């Protein structure tokens, strides 16, 4: 799979496979195309060349409706949280439920509250996103991404800009999701976080995957880049 | 040569813009007829564009009515035709001043808002978030705004017309003490259905243009916060230009269907 | 999300906007009477003078509906057909004899269509019927009307002429029958008869002048005021004609009384004389009226514009200076006629003279060659007298010229406007052999262009 933006080749013929009910962590320095890769999986970005298969379905060839069906089973946590400014936190979390379930409004509110409680934000239900701190936004966005209990959870930089405690709480939540059967794909440059979550790790560098395997495999890698990367515990 | 290149380039990019905008607008119309209809969003935007614009529209309309009344009085008094002030003012307001001013005011207030809001949603990945949530962001954001704007525009125009007549009455009664009943009656002396209906309905086109341009520019925002500001500004500029240009064509079309014979 | 408060706000907004729009539609509809029960009729106009569909219709001033359609004519002779929708409430006023007019509202207002209330006798105009349209005010139409009036006057005058002739006939018969008794009044009768004839002639001439002078009058008659005057004059003429008829009737009656077998002829003589006096007074009043009519500025303007002078206003001095030939358009031809042939002493008047039968024949033959030109030209009967003092010469020359003029007018039906008397006394310049002339001269001022191309 390849992708260029304005003549700049971001991804150059990368190939990887993610196992069901496992956590896959894509590592790499800022601007190496990690987020772009993640957006390919949910069809927000289409490759110039190559294929993306989700559950055996070729995402790049689907029409809007079929793609929409696939997306209903996916959750996506954006790097910038991307909460809808115009809605309360509660409505943000309830949004996927309102769109894609026929549940009564009361039930939806109940579930949204539960999801917010999971990320420790039950009291922020009626607040507007602008009133939240960055970490709270991230957690609220995660609550939204998990609102439909998706089979696949795509997470872009879950712990960026967060204090270590909140970050580890989020990591914990992701691990819980994995244990309840969800496939998790995480993009991060936070190595401890990657170690905590990841069943399989891959390192993206200059458009290529330069290493792939468990955390142990990567630690043992001879590639100097990978070595440097794995040792920079705090991330770059 | 450089100048030729630059002129050619800007002509080309203008054409590109028009083409992209037309495609965008066409898509908006087509997808408006497909479910889901996003009624909740339309209502929310109607509230924003319509009710929240009323203070601006009513105040401006009133002021325009006062000013127009003072001008027409000066002119008509010369012919001893003060009795024509209400009718002349109403014709001017209903046929052109009301629709065009309302269009420009709304393009300023609503166009800027749409451009900035959608632009911000673009740069903060909210549009991606919508898509990721299996929501047709184009429809959810653009189409609903276009529809709401198309509904709000004629209603605001009628309010502007009315506020203008009230303003004209205020100015008139201050000078001549004319009663509201007589003034209002006389306002409709020379108005025809062919004045009120096409002039009011043409603002639906203004509404479409405002929301389409602003949404398009919002959707195509890049370069972060700076891009949002630019989307907002360009929305107002583009929408205003398009309103005035389209008005020329619309008036011509209206004249084609309702020929105006000089009395 | 659509919260209840927000929904309510949007509801208020939408309802307010729609309500105002509906109010506007209603106000316009109300003005156009869109919601009232209506009926359709048509009106026809040769010219629509800026009327346009949507114009307001007023029935006797009340707002009644709008002009729906203006259907152009298919041929030049056809008229514009205007379709009108009028509110049923005012139907009772719109009768088959109602008139539609195109009027203008105020100084700068648009055209509207006015419909006059019909008469009680006429039935209401039925649906889809056509009522008459009164053409917008135009000078040509005004002249048409004026000339129709004049025609009517003329007809009346023609009738009158017959009556006068009858009367004259009766009078002369009576004169024969009543011989001696009537001798006392015969002069009056004759005077009256000839005055009557002349008056009738004058009236007819004026009517003719008006009829032929549309162009000139058109220039003068530019507004209602003048139109009213013209109509008043025409009416006046009719009145005069009626008066004249009455006088003649009275004269006839008097004569009948006189002739009746039972009538005490002897005793009636004084009565009859009284009646005749009355009749003569009335006739002279009539003549004065006619004279006033001739001098009315309208017609005077007409004659002046046609290049005529008011011949009676020309003094002998002006005449001698050549006012009639000054512009060079006319040439003068004189026929000199001597008094011995023309006149004989009047047996009734010691100093007076009257035309002899030979004199009349001489006048006939003298004027004959010029008759074809007389319509366009001016004939002046110059009178000359050599006997007596200056004032006697003047009076005699005037009497001679007048006698000749009256004879010529009576015989050849000349237009009195174009034949004048010119008492020149003893001043007989240009006479044959430059002898001092005694008698008259017929001076024909003839248009040179007419002479150059004689009529066939």
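Chains: A, B and C, in written order; residue numbering restarts at 1 for each.
Just so it is clear, contacts are C-beta pairs under 8 Å (C-beta built on N, C-alpha and C of every residue); 3 or more make two chains touch, one makes a residue touch a chain.
In this text the structure is predicted, and so the values were computed from the model without any measurement.
Undergrad: Just to be sure I understand: the centre of a chain is the mean of its C-alpha atoms, right? Then which chain's centre is nearest the mean of all of them?
TA: Of the chains present, the most centrally placed is B.
Undergrad: Busiest chain-chain interface by contact pairs, anyone?
TA: By contact count, the leading interface is B-C.
Undergrad: Provide the C-alpha centroid distance between chain A and chain B, rounded to the nearest whole angstrom.
TA: 42
Undergrad: Take the average of all CA coordinates in chain B, do the same for chain C, and state the distance between these two points in whole angstrom.
TA: It comes to 69 Å between the two C-alpha centres.
Undergrad: Suppose each chain is reduced to the average of its Cα coordinates; what separation in Å results between chain A and chain C?
TA: 110
Undergrad: Taking each residue of chain B in turn, which ones touch at least two of the other chains?
TA: Residue numbers touching two or more other chains: 44.
Undergrad: What are the residue numbers in chain C that touch two or more other chains?
TA: 1
Undergrad: Residues of chain A touching chain B in their complex?
TA: Residue list for chain A touching chain B: 39, 42-44, 64, 68-69, 71-72, 74-76, 78-80, 82-86, 95-96, 99-100, 141, 144, 154.
Undergrad: Hey, which residues of chain C end up touching chain B in the complex?
TA: Counting only chain C, the residues touching chain B are 1-2, 6-7, 9-10, 12-14, 16-18, 20-21, 24-25, 27-32, 50, 52, 54, 106-111.
Undergrad: Using the touch definition from the top, list the residues of chain B that touch chain C in their complex.
TA: 39-40, 43-44, 46-47, 50-51, 54, 79-81, 83-84, 94, 151-152, 154-156, 158-159, 161-162, 184-185, 187-193, 195-197, 200, 261, 263
Undergrad: Which residues, counting only chain B, touch chain A once they are in their complex?
TA: Residue list for chain B touching chain A: 44, 117, 120-121, 124-126, 128-136.
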